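Supplied in structure tokens, the structure appears directly below.
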Amino acid sequence: MSEPAVAVIGVTKIFPVPFQRRSVVALRDLTLRVSPGQIYGLLGPNGSGKSTTLKIILGLVPPTKGRAEIFGKDSNLVASREAVGFLPESPYFHKYLTGEETLRFHGKLGGLRGAALKNRVEELLALVGLTNARKRRLGGYSKGMLQRIGLAQALVHEPALVVLDEPTAGVDPAGAGEIRDLILHLKERGITVLLSSHLLGQVQEICDRVGILANGVLVREGALDDLLGIENQTELVLENASPELLGEIETLASKRGARVLDRRRPRTSLERVFLEATESPREQTRRDTP
Amino acid sequence: MMRVFVVLISVALFGVAKLPAEHALAKAHRDLHFRDVDFNLGLREQIGQLGFVAALSGFRSLVADGLFIQAHVAWERTEWGRVLLLFRQVTTLQPRVILFWDMAAWHMAWNASTAAINNPAQPRLALRIKAQREYFALGKDFLERGIRNNPERPQLYEALGRLYRDKYIDHEHAAEFFGKGAALPEAPSYLKRFAAYELSQCPGHEREAYDRLHALYASGENERLPTLLRRLKEMEIKLDIPLDQRIPDRLP
Amino acid sequence: MIRPRHRAFSLGRIVAITGNTLTELTRLKVFYVLLLFALVLIGTSIFMAQLTFQQEFQVVKDIALGAMSIFTSLLAVVTTARLLPQEIEDRTIYTILAKPVPRVEYLLGKLLGVLLLLALSIIAMGALFFIVLYLREQTVLYETTRQMSTAPPEQMADALRAVRASAFSAGLLPGIAIIYVKACLLASLTLFVSTFATTTVFTTVVMVFVYFIGHLQGIAREYWLQNNSAGWITKSLLALVALLFPDLQLFNRTDDIIAGNAIPLALFLKTATLGLFYTGFYLLLAWSLFFRKEL
């Protein structure tokens, strides 16, 4: 299937600044394609135009020039939103609704009714681990819980594409990890994911493909491996290797015309240290607790 | 900018379309005596800028009630000039409320006039009587204007009849207004009787009074009240009605 | 996955948004307004003890219906004015409009939520008003019966009829219905203003002006249509008011109804229809601006 899940074609967005002659160019001639089944990361510093791009894809903001499509349907058409779920940047929901009511409400907007709606809500509450918090008002949810209910809300009408604006921003590493796991789970189920982030580290492990925005221009784009891999270098990680063995490898390498550039101990990431240190005591309480 | 223009144009076009409907509706309401108040400059000076604006913006009845309550307080303090002024405003604001005309006239012709004739500050009787007469006239004026605004309601005719009967002792006019009131569809049954009683006291109208009283008498047991019987007997005597045509003598 | 084709218009979605809006509004404690109404009603009833029953009923009706008119108008403007800004500020509008929900359905759902709230409020106020009126009527009837126990039955009947006539009249119901229609019109107009306003305060201020000018529109219109001698500046000013503003005075029929003039059904229906036309038109305008609004 060749039809892209998302196509952004030559989009320019200019925001007028009220009461001034000046205007802000948020996006400049942006073209972007997301293939079905991929996790696509839109990266860039704050103010680079990520949110604007996503809003144009969802038809929330009309582009000044160009157009966007979802599975071949123009974003201006309401019907294009059938196949997409959206998690806005730091989403807020109606504080007076419980988690379950929030999902029911959005499910109805997505066209679900009756038993189908009920089952779907159950399923999603279980998926995002909020079954025990279902009867609590969102006013009392933690940031991570809100992000998860937001994700569930985006999935309620079983879209083939989800668009997530900064899904891990402001969430602690454990919460971010859970959200990453959820995103990978979506990919397994064949759902295309388009996400944005200004924290590269948080998403680089899960993205298949990334685009880097700077000042509204797509400066880099490609598969993650291609972007990060250095063509002519390979990393070996050995366990229990003696200094003699390492010497032999080095000699062998130079015999064959290769060269060992660097020898170092791999370091675990700080994030992993944090997670291991905090995991055990939090394990029983972290779910459903702010 | 373009859109603002388009929106303004559509509002104006809708305005053109709705104008005849609004005009016709307003007229229909007016024709039904849903008369809107004539907001003249005088009223604005009387009730003040704030009250005037409020009265214009749909709070007319509330402004009128406020003034009415003030009038009530002024009455308790026997400040008659203030009572008069306030009732003029109240009736201007709410010309369709019978009660306000009735109250205004009653305060003038009954309360203020009594106070005037008993005014200890005025030693000269002639002047006291003159003042009393003026208050009668003010009461009469309220009722006449009230009737002009509400010609289909019997209450103010009745009040005017009472004013002529009790204050001016003018039976002829009293009979006239009781009669006018009695002719209206909403009239209470006693107005016809009142009109006939008054007529029976007007010299020269004995025959007509007798006929009316007799007709009432003939209309059933309900009408045969002691006063009616007494007046009817008086007329029989005055007119020398033959004995066999007279009503049976049931008076003690 | 098999998915039913997208429906361009869905009552279910509108009902969902309406329900959501109503829930939101009821949790805003707007019903304190009803409490205030009850206090006003009870307050006047206490004061009324010094007046005769006709005066009392007149004033109670004036004040109750006047308060109903003010409170529903106020409720309509204040609740509608913050509807869109609040949703945009809370960013809840993004998740809603990112679903396959046409914007016109969103606006309609929001407006219906407000109209439902207004209906509930006016029903509650009306019920309270009728209960107070009924209780006072019964008291006065009882007192009259006692005071006139020696009078002839015909006079007694007359007096009781007078009491009943000055308390209840069926004409009050269409009067209250028209108050509601006026509130609907104001809510819809507020929604329209809020689609281009930048702040809630701006919307509210605009609506206060509209409210006052709307009540003068009738005078301006009649003057413009009849008077040919006015200068062209005056005439264009009057025409502008007559064309751009609704005649709100048409929806103030309670004064006359309290005075005892029943409003004929046909006239009532025409007035209500005009109000609903206005409501629909302003919704359409709101949609035309909201259709491609940047969020």
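All chains are identified by letter, namely A, B and C, in their written order; residue positions are counted from 1 within each chain.
What we mean here is this: a residue touches a chain if its C-beta (ideal position, glycine included) is under 8 Å from a C-beta of that chain, and two chains touch if they have at least 3 such contacts.
The structure presented is a predicted model; accordingly, all values stated were derived computationally and were not measured.
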Chain nearest the global centroid, as defined over all protein CA atoms shown: C
B-C or A-C, whichever has more C-beta pairs in contact: B-C
For chain A paired with chain B, centre-to-centre distance based on mean C-alpha positions, whole Å: 81
Between chain C and chain B, distance of the C-alpha-averaged centres to the nearest whole Å: 33
Chain centre separation (chain A, chain C; CA means) in Å: 48
Chain A partner contacts - residues on chain C that touch it in the complex: 1, 3-4, 6-8, 10, 12-13, 15-17, 20, 23-24, 27, 90-92, 94-102, 198, 292, 294-295
Touching residues on chain B, where the partner in the complex is chain C: 3-4, 6-7, 10-12, 14-16, 18-19, 21-23, 25-26, 28-29, 32-34, 36, 39, 53, 56-62, 64-65, 68-69, 72, 94, 96-99, 103, 153, 188-190, 222, 225
Residues on chain C engaged by chain B in the complex (per definition of touch): 47, 50-51, 54-55, 58-59, 62-63, 65-66, 69-70, 152, 154-155, 158, 196, 211-212, 215-216, 218-219, 221-222, 225, 242-244, 246-250, 252-256, 258-261, 263-264, 267, 270-271, 274, 277-278, 281, 285, 288-289
Complex interface listing, chain A residues touching chain C: 15, 18, 55, 58-62, 78-79, 81-82, 84-94, 96-97, 105-106, 108-111, 113, 150, 153-154, 157-158, 160, 163
